[in-house]
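Next come two complexes built around chain A: one with chain B, the other with chain C.
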Partner chain A sequence: MSTGDNPFRRFVSDFAESKLAVGSLIAFTLVLLAALLAPWISVQNPYDLAQIDILDGRLRPGSTGMNGLTYWLGTDDQGRDMLSAIFYGLRISLGVGAMSGIIALVVGSIVGITAAYVGGKLDTLLMRLVDLILSFPIILIALILLAVMGRGVDKVIFALVVRQWAYFARIVRGAALVEREKEYIEAARSLALSRPRILFRHLMPNCIAPLIVVGTVNVANAIQIEATLSFLGVGLPVTEPSLGLLISNGYEYILSGQYWISVFPGVALLIAVGSLNLVADQLRDVLNPRLQT
Partner chain B sequence: MSGPGPTLIVDDLRTHFLTKAGVIKAVDGVSFSVAPGRILGLVGESGSGKSVTGLSIMGLLDWPGRIVGGRIILDGEDLVGLPEERLRQLRGFRVAMIFQDSMTTLNPVLRIDTQIIEALQAHRAIDRKAALRQAAEALKQVGIPAVDERLKAYPHQFSGGMRQRVAIAIAMLNEPKLIIADEPTTALDVTIQAQILYETQKLCREKGTALIWITHDLTVVAGLADEVCVMYAGRIVEHGGVDEVLDRPLHPYTVGLIGSVPKRGWRGRALYQIQGMAPLPLNLPPGCAFRERCPRADEACSQDPEVSTPLPGRRVRCHHPHLGEDS
Partner chain C sequence: MTVFLIRRLMQSVAVLLVMSMLVFVGVFAIGNPVELLIAPEATPAEREETIHNLGLDRPLWAQYIAFLKGAVRGELGNSFIHNIPALKLILMRAPATLELASAAILIAVVFGIPFGLWAGLRPNSIFGRSIMAGSILGFSLPTFWIGLMMVLVFAVSFGWLPTSGRGETVRILGLSVSFLTLDGLKHIILPAVNLSLFPLALVIRLTRAGVRETLPLDFIKFARAKGLKTRRVILVHVLKNIMIPIVTVVGIQFGIVLAFAVVTESVFAWPGMGKLIIDSINHLDRPVVVAYLLVTVLIFILINLVVDVLYSVLDPRVRLGELKE
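The block that comes next holds the complex of A and B.
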């Protein structure tokens, strides 16, 4: 009889085996903190037009503005403090990424697990729908939807969910098809547990491992796509610049040597997406069922 | 048969799988009965239809499997054609099942107490505390030590034998009339297997539960069952008391099965092998399904053999049973 060690502790020590992953996790935590604490650590609210001064426009990093503030990363063409704008931009980017990721995960999981468990025609129907949706590039779907619906955080999230749920549905179905054949599901059926109970309490938790990995990658993806959409000018309103919009604002000045308006938000985006991807990578290794006992 | 009537009567059960390639007659006219507190061994090779028989009784056949004929009478109620709602009331309550693979038979992400309480609450209104007490009682019964601690554990903290005990405890929870055990000890080592066989036997006798033990292992049946049915290609080819069948097999297939079990003092000698492989029960030609592999087959075997009763309490489906001269 093995008492077995704490699975959570084992998970943590497995994860910590890669220094790069730990570093990425730390970097991502910092990014997350910056986003969460943006209103308290920023020197100004970049969305409050009363606080920004057009005369401070395009100042170099480290210069002092009219109001005595030091702009460590310079200002953009509107006179916004870049550092504050990046904090607030991260807030929007991470928020959009997380929200669209969670909604897509919930919708996709329910669809995928139902398809796998019920099987037959319903399975075929749902999975062909998934194939259809995934055959369109996400940027195309999002552009069309946003062109119709207009700008806004909720609309960007909706546009992302419309395609990303299909990803989760496919992954969950694959995992659930494997789990469904295991005897504990048959045992649950032989005990006459109700179908929703078998689906969500027995089947679902056993399909979580691949979901965590795909979910993390997906959040990183969503952040990137939101930035792309904002860069193209269809994502978020100009008054609430996210990272993509900040990059696009500075784009016209980059050739005249005023690099900071584009580069710093770009670096922030890189750190956020890159660290999240590296964390996901390590999660995939740790949660790989073939490496588990 | 003495005492009360049988718990389960299976009468001419036919379970077919309607596939694109044709009809697979996985169970083709199987009849047997089990009395309370008695143990029936269902023996056969892989693909002989023994597991499908079990699943048919549970009403857990997967598509495209279907019961196309016969009756399954549990406690006076015919299960064939019952609405799913009624079947669900019986499942896990009047009839329970224990599965083969002890490693996957419990849900790896739920604690043992959760899984036991869930099984209890599926069939009656019982509050958590009372359910927990009953769960502890159930684990004690199957010989699990330090019950309170064990209840809070996850399946991966149990050994294979322990898990199978938990599975048996869950099957016994609602004191069903009938338990179907589908090779539950196959994956366990022999000492654990012996313990579990002994304890299951004891529990069934005490509680008057009828038990169907599905296995391919004749030695298990020898030590456990009262009666044995030998299945081949979806049919019962021989049926009788366990000692009689093992001591004096009538069907050539049973003779072959017994001959292929290694015995003491036979070292260095070749074991008996049944020639060929069990046929796929897909579009079987008429006649005895065993005739291709049977040393006693002749022209008569291209006709379906009828069930005969050459000895009291014995049924055999063969034209040339081993009678007298060479058993």
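The block that comes next holds the complex of A and C.
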């Protein structure tokens, strides 16, 4: 085990011990780049109706369309190039996942730290709420909320956040409860600093480590749940190019052997979510004090 | 223990009430079911009559009170679409979902614990490492996509197994179960395996983590020093100590699997509750949606209660801790 001069270098070298994790990090970065640069690397905008031709529908991977474009991954039933559709779909999926993860993290951290610091009745009330929310699986809560609110990107993000903030709240509260007893907090209090200042400038930075792991897993889960909801028809509307929607479109063609409409978006999802989970796994091992000998 | 139980029961009733209110109000806001069920050509008089018959003309809180009164008696209204009691509709479809969920959890436990043990005891072996990589795949892959791939591979390409539906059923104690017939088994394998992947991955990881954390502890060293056979050390000392979190997680997973069955049922056209709820949401069949949500919330509260009690029974530290208070 190599030692660096500072903790960050040590962290990086610990992380790099697992080649699988490093490979996953690279894979995820590629996915991220593909999503961010989608409009520039796709050969066509699959959601611009002027660019697609229904006579090009359901072509096999590698075939050429009426306008001379080569469809490396085939086309779906509307004539959209699968590769472009996947890039755009990744954009939405990663966007929804990241957005819901960040909002849930911020909301959950604030609630968790406040509960830990203030303690007493507020703490009990908030943690009961957290327990309640976490006792229901996310798909159920999302189904209920989306059944009520209808489809839409903001509604999906809202449904995800409403449930996931509870994870972060619980983790942050646990870490904050430990930190609260430490001397530097006592010192800050004796300096008569205001409560919010102590909370956010002294306590919070020291509770971040577990958040990193949970945050990564959370984004991966959010991407997956959004795809599932879109597949079921209660997630994103048909105008948004979600990977789940692509897969559900292809469902009816599987039985006739036109597998590419469903298979390739799923592979894209797998790479995105799987690489993120592998990275989170290594992060968890590296940051877990119990496993450090 | 009794105080704990009573407190939990009261909390559960409160939760149920709050959820029922949320669900009722929320579902009412989806859309006007009147528009769906009355033909556009209906005269205003006919509309009035239908609205009155379905009880949709009374104020919201009056509808809610009537709903509660009925709910306590087990009457949750008739389905707008099928015109039979909503609760009856759900209970008709429930056994199929329960069967699927039980099969999935069984697979997850029967394969998960041995695999997790292996991965924990021999982490650097090829099998151990592939188990861990496989478990990551298990919860990275969206269930519905894996289901589609399974249909593609096993049913379409190889033609070994049927693509959808439930097989022949046999009635036991008034419930129809399908795993006792060969045809039924053929139909249940794919969806059950599909549904089991997520809890399987979790059980594997949990078992492995437990083994990794327990093995270096002192009491294991003492057991070995005493000269106990390795098999006994592992099976009795290690396994028993890691069982507690596994049991509680499996209990909770049962509830989650019940919820996730929605997806598998959609892919495999399994005639259970999950498919019913998706259709009802899309058709704005309000009574069925409300009834399903209430039944599911009730099941969850029950599962959580049982898991909590089980946890305090299994872990003497929790019990004794409570006594001290």
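Everything that follows uses one rule, which is that the second predicted complex is superposed on the first by the 284 of 293 C-alpha atoms of A that agree within 3 Å, B and C clash if a C-alpha of one lies under 4 Å from a C-alpha of the other, contacts with A are read in each partner's own complex, and residues count from 1 in each chain.
The rule we apply is simple: contacts are C-beta pairs under 8 Å (C-beta built on N, C-alpha and C of every residue); 3 or more make two chains touch, one makes a residue touch a chain.
Everything quoted here is computed from the prediction, not taken from an experiment.
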Simultaneous placement of chain C and chain B on chain A, clash or fit: fit
Comparing the two partners chain B and chain C, which touches a greater set of residues in chain A: C
First (chain B), second (chain C), both or neither touched by A:A50: neither
First (chain B), second (chain C), both or neither touched by A:A187: first
Partner chain in contact with A:P205 - chain B first, chain C second, else both or neither: first
After superposition on chain A, the shortest CA separation from chain B to chain C (Å): 9
Chain A to chain B touching residues, read off their complex: 1-4, 7, 119-120, 182-184, 186-194, 197, 201-202, 205-206, 208, 293
Touching residues on chain A, where the partner in the complex is chain C: 20, 132, 135-137, 139-140, 143-145, 147-148, 150, 220, 224, 227-228, 231-234, 244, 247-248, 251, 254-255, 257, 259, 262-263, 266, 269-270, 273-274, 276-278, 281, 290-291
For the chain C and chain A complex, residues of the former touching the latter: 15, 23, 26-27, 29-30, 133, 136-137, 139-145, 148-149, 151-152, 156, 163, 212-213, 255-256, 259-260, 262-263, 266-267, 277-278, 281-282, 289, 293, 296-297, 300-301, 304
Touching residues on chain B, where the partner in the complex is chain A: 58, 60, 63, 87-93, 96-97, 99-101, 104-110, 118-119, 122-123, 154, 156-159, 162, 167, 170
